[in-house]
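Right after this note come the structures.
In what follows, chain A forms one complex with chain B and a second complex with chain C.
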Partner chain A sequence: MLQIIKNEWRFLIRSRIFLGISIAFISILLVSVFLGNYQTRKQEQTHKSAKDHVRQQWVSIDEMNPHSAAHYGTYVFKPTNLLNSLDEGVNSVTGNVLRVEGHVQNEIVHSEASQMQAISRFGKLKPSLLLQYIVPLLLIFLAFNSVSDEKQSGRLKLLVLQGAKPLQIILSKILSVWLYGMMLLTFVLSVYSILNFQSLTTDILTRTGLFFLSYTLYYFIISAITVYFSARWQNATLALTSMLGIWIIWTIFLPNILMSSAEKWHPLPSRNQFQSAMKEDRSKGLDGHNPKDKRAIALKEKVLKEYGVDSLSQLPINFDGMRMQADEEYGNSVWDKHFGNNRKILRKQKQSFQLGGIVNPFISLQNSSMGFMASDNLHHQEFLLQVENYRRFFIKTLNDKQTFGGSKTGNWRWKEDNAFFKSIPDFNYKPTQVSVILSNYLLDLALLILWSIIVIVIIYFGTKKIQIV
Partner chain B sequence: MIQLQNVSKSFKGSLAIKNLNLEVQKGEILGLLGANGAGKSTTINMLLGFLNPDSGEVYINDIDTNHNSQETRKLIGYIPENVNLYPYLSGLENLDYFCKLAGLKYSKNELENYLTICGLENKAHVKKVSGYSKGMRQKVGIAIAYAKKAKVYLLDEPASGLDPLASNELSILLKKLASEGATILMASHDIFRVREVCNRIGILKNGVLVKELYSKDVSANELETLYLQFMQN
Partner chain C sequence: MRSLSIFIYEWKHFVSSPFKIIALLLFLIASIYGLHNGADLYMQQSNEIERLNQKAKEEKETILSYFDKSEKGPKNRPWVDVTTPFWSIWYTPTYHFKKPSPTIVYNIGQAEQYGFYKKIGMYSSPYDADMAKEIANPERIQSGTLDFSFVVLFLMPLLLLVLLYNIKGSEAEQGFLPLIFVQTGSKNWWILSRTVFYTILLLFSLLGLMLYGATLTKVFEVDNAFWTIFLHLTIYLVFWVVLYFLILKYGKNIISNTLQMIGIWLLFAFIIPAVVHQWISIEKPTNLMIDLIDIKRDKTDEIYEQSNTDTDNQIFNLYPSLKQTKTAQDTIAIKEARNDSRIALINVAMKNAISKLEEDNLTKNELISKTYWLNPLTYFQNKLNHSSKTHYDDYQTYRNDIQNLVDKRIKIMVSDIWNNVKVDKTKYLEYNKTLNK
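Now for the complex of A and B:
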């Protein structure tokens, strides 16, 4: 087998056309890695400068009423992960700025796609685009006549006569083509590692390793099916046509069809429905800014009883802050209910889509690629959840200061000094652990492995039917 | 030694070989003459173990090709009409590659020696095969079989398309191989070349061996007349 693989590679190296195509494609890959890295680094800088600017505004608050500060609010920016330079995933369409303030959970805004037509139409030129769409095409073009050419030229007879078994020949051809894909993949990851050598962490290396594994399996599947078609079909054109058909179905039609089906099976409420339902549930709760609200009155009675006093002026605390926090907590429970429901639906959609990998390994590749490169919707949802948790902590700190900071009920002119505002920590995103990601994408990896095994079994039994003459 | 005993083979109901009995001894060259579709290539493919006969037995050195094709292939050298080698390799590299596939590892000198014995000029050894003539490729094909130390040579239209000089060189080479003890079966249209090279001649028509004779018993012209008679009847 080694001899056949070596001979195939001699062809690749000596064929001027193929060498030219390889050099051109490697150059494009190189540009995509540099560009992806540059964009990510630039985004990191922009993110840091925006974050520093907003934080500076916050810590510069000289004196302010804590609840007014809750309305003043702050901004949280979605951090860029170094891994995103390999696969952009959903990041360019999800937005990256979130306003954090009292009483309301704002939506994330300012997606790159909404600001740049080219991105909304074609996506960014990232290595994943080339690795997912173009490299498999190259492998197909490399493999479609690998066996049929030997058959038509009569060399297959000579090879078998010299002792090579048909299965050995086919496996060697598959490995040769697959190794070419692996070379391109290794090249991309090597350049990426060199460019980011000082920033490589165990997390990044583990995720990159899993990313590598996903592509390794997918390239094997593509190479194996193409070589097998080349051996089974009567002519190379039929093998090429069949594989191009499969490539189109796998990469263009099936992902769209399966995603639409997943959305139909597990529909999300429309934006209007979602907002109306949130508004309706919110209206049933306590209104923090309305002291005459019946729930606010009930809370007041309860607090007065707890403190054993008759009026708000006798309370050692500021009841306005407590009422605001009660309002906040009710709003949080409404958000948990509706947003939590959306998260459940999104997870179900994701799981249904993942099962699409049974019929289409490209789906498994795309899922795991985005997942391991931290640019999938699960990472985005995790970011939103962390922001909401921070918002709750942020607002509660301000409301607690309003309540227990020494002011009296009704004194809206009371202000806290700069030291207090400085003491409130900034939002700090904690990246999702790779073990969590692995459990989410284990199904995709398992399906890619299953596809590889099925392909090997088909080749093993199918090769016996191959006619040498 | 080659033996075919009552061999029949059909494709989709159409009979390609009918009750063929044939024997080629060690050191003998048998020429199979016949028109296109007479069954010459089918016979060779059965000897190679790529086709199984519907009935009858095929032996190479007393080993049944039907059940032991891996074993019999080790004994066979096959030279098709067009020896299609890897065009991006030189003759030397092609020979080295095919030898390694057969589990044979020769030094560069040994490989060059095989090519020289088979008539390929030294300066052509390292030239890419894409620049070779048909005759040069035939020589490399024979060198592959020779380096394999084949006991049986099967040649399918080997002289077709060769210029007279290359064809003559091929004849000399085949006679040399036979003199060294090789068993050779050569399928051809070329009556004169077959008459000149082979010890014995068989004429195949529609899968039936209609005539078997010794070369020494007929002249080339007589053989041609005989062949035409069989073809026209």
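Now for the complex of A and C:
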């Protein structure tokens, strides 16, 4: 078997067309890794300077009322990730700027896609674009006549006469084509690792390893099916056109149709419905800015009783801050309900889409590629959650200062000094560890493995029916 | 052999090729699916607009009831007084819509990147958070909706490939190509006639599909849009036919022709747009809206903290007629008027920041347009986006309209405050009429 693989590679290397295509393609891959990396670095700089600018504004506050500072708020910018230079996932269509302020959980806005006219339906020239769409086509082109040519030239018969079993021959052909894909994949990841050597962490390496595994399985499926078609059908053209048909259905048709269907099976509310429902629920709670609000009065009575005093002026604390925080906490329960509901729907959509991997392994590849490169919707939602947790901490710190910082109820002119504002930490995004989210992608990996096993079984039993001549 | 005979021969060849028939059927099914996706979006947006109009009507009725009952405003908002221009205009419900064009049935374009309705207030700006796109799964948006234009721009070249790939190659491999040349007299004419046959077949398919799409929305109500789109699709089809014809003319066998055809499709559909996209992102990274943030925070504070003289000068500079009003001479009344008019100064500052941002976006778009000569797919995509009113420029026009409505709202409010206008039911209805124009 090893000898057949060696021979296959010898034939390939001798082919000038193959060498030409390989060199050209490796050059494009190299360019894509370099550009992807360069763009990520440049976006990182833009992100850093925006983050520093906004932080500088915050720490430069001389003096301000803490609740006014909650309205002044801050901004969080979606950070880029080193892994995104391999697969950008949803990053170009999600927003980049999120306002953090009191009383409201805002939505992330200003996506890259909204800042220009349409360019590419399949995204930027990232390695994932080439590895997902183009490399499988190259493997198809390499494999579609690998057995049929041998049949036509009579070499297949000769190999069998020399003692090679048809199954061995076919597996060798598959492995030699698959190894070509592996070589390209290894090349991309090696260049990426060299370029980012100093930034590599265990998490990045694990993610890259899993990324490698997903592509390895997908390339095996593509190589094996193509070689099998080449062996089963007399005509190389038929093998090529069938595989092109499969490639089109798997990569262009089905992902689009299944994703649209998943969105129809589990519909999200419209923005207006979403906002109206939140407004409705919010109106049932306490209004922090309205002292005459019934719930605010009830809270006042409760606090006065707790402190054993008759009026707000006798309180040792500032009740305004406490009312604002009560408003905030009620608001949080409303945001949790409605944003949480959206997250649940998105999760259901994702799960339904993942099941599409049963009929289309490309879906499993796409999901796992984005997921392991931390650029899918799951990671995006994780980022939004971290920002919302920060917002709650940020506003509570300000409201607590208003309450317990030494001012009296009604004294809105009371201000905190610069040291306090400097003491509030900035938002610090903690990248999600792969161990935490791995379970979400096990289905994708399992389906890719299942596809590989099914293909092997089909080849094992199907090879017996193959005519040698 | 005349063209008609070649056409008849080709028809027989086509109907006896199940592979080609299945490919055409798949294309038709995908197109119909895409047309329905476009029509669904049209219906969704139209229904949402209808709902919001109803909501605005209800809001207006609520405010009118305050006038009827001689109330100042909502009971839980005691500081509101709808008889003053400030609160009356504050409570004048004004929605501005980007109404979907019926031609969206053919092409969704960038419709899913932007919001299509906006509630206009005095502090509104075309870059507010509520201008964000509809809530949707980003993974779906990233992979794009399978609309009719996607099927035509990306799958039609592949269908054409399936229909044409074995022209000449098949005859050459079977060894009767010289015989055909003798019969037809001209190699080019024979290949061209066969290619034209499939071009006509596809043109009729496209026309049929577009007519079917026209039954889903009122496409013919939009002047010439149907025929403009059909013209763009025809030119796009001819572009691919010419490329494939050249490959067939100079190609030697089926496999080599197929590989060249798929190679050129990959180049135009994937590689070139992706390279351009990457280049633009490097050249002009995503704008994080720092200028707008600065206006919303520091500049606003600056406007509120500046001296009264500076504020008055800036307000009079903006609206010179205010200087002649009685309020301008009244040292007590001017205080409230000045305070309420600061919104106008913030609006001016916001517009300055927005113009910088839009210049930046314009530069990006100009860079993209400069690549059209080597990036035909992006060119045709944007042409179709223009035809279906879903291009970036259409949303820019929508944003400009929003800004104009904000300007108008502020101008009326400031003018009526300084002229000490008392608002009654008639005046409130007038506000509704003027601000919703």
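Everything below uses one rule, namely that the second predicted complex is superposed on the first by the 463 of 469 C-alpha atoms of A that agree within 3 Å, B and C clash if a C-alpha of one lies under 4 Å from a C-alpha of the other, contacts with A are read in each partner's own complex, and residues count from 1 in each chain.
Convention: a residue touches a chain if its C-beta (ideal position, glycine included) is under 8 Å from a C-beta of that chain, and two chains touch if they have at least 3 such contacts.
Everything quoted here is computed from the prediction, not taken from an experiment.
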item	value
Joint occupancy of chain A by chain B and chain C, clash or fit	fit
Contacts of A:380 with chain B and chain C, given as first, second, both or neither	second
Partner chain(s) touched by A:131 [first = chain B, second = chain C, both, neither]	neither
Which of chain B and chain C A:154 touches, first, second, both or neither	first
Partner chain in contact with A:296 - chain B first, chain C second, else both or neither	neither
Chain B or chain C, by number of chain A residues touched	C
Which superposed partner A:164 touches (first chain B, second chain C, both, neither)	first
First (chain B), second (chain C), both or neither touched by A:270	second
Which superposed partner A:312 touches (first chain B, second chain C, both, neither)	neither
Chain B versus chain C as contact partner of A:253, first or second or both or neither	second
Geometry of the superposed three-chain model: angle at chain A (Cα centres of chain B and chain C, steps of 10 degrees)	100
Smallest distance from any CA atom of chain C to any CA atom of chain B, in Å, after fitting	18
Shared chain A surface residues [contacts with chain B and with chain C]	none
Residue ranges of chain C in contact with chain A within the complex	19, 23, 30, 33, 37, 44, 48, 51-52, 76-78, 109-110, 113-115, 117, 127, 129-146, 150, 153-155, 158, 162, 165-166, 254-255, 258-259, 262, 266, 269-271, 273-282, 285-290, 293, 297-298, 360-361, 364-365, 368-369, 378, 381-382, 385, 391-393
Chain A residues within the chain C interface of the complex	28, 32, 35-36, 38-39, 42-43, 46-47, 50, 53-54, 57, 72, 75, 77, 89-90, 92-97, 99, 106-107, 109-126, 129, 133-134, 137, 141, 145, 236-237, 240-241, 244-245, 248, 252-253, 255-257, 259-260, 262-263, 268-272, 274-275, 287, 290, 292-293, 342, 346, 349-350, 353, 370, 376-377, 380
Of all residues in chain A, those that touch chain B in their complex	3-4, 7, 10-11, 14-15, 153-155, 157-164, 468-469
Residues of chain B that touch chain A when the two form their complex	45, 48, 50-51, 70, 73-74, 76, 78, 80, 82-86, 88-89, 93, 97-103, 144, 148
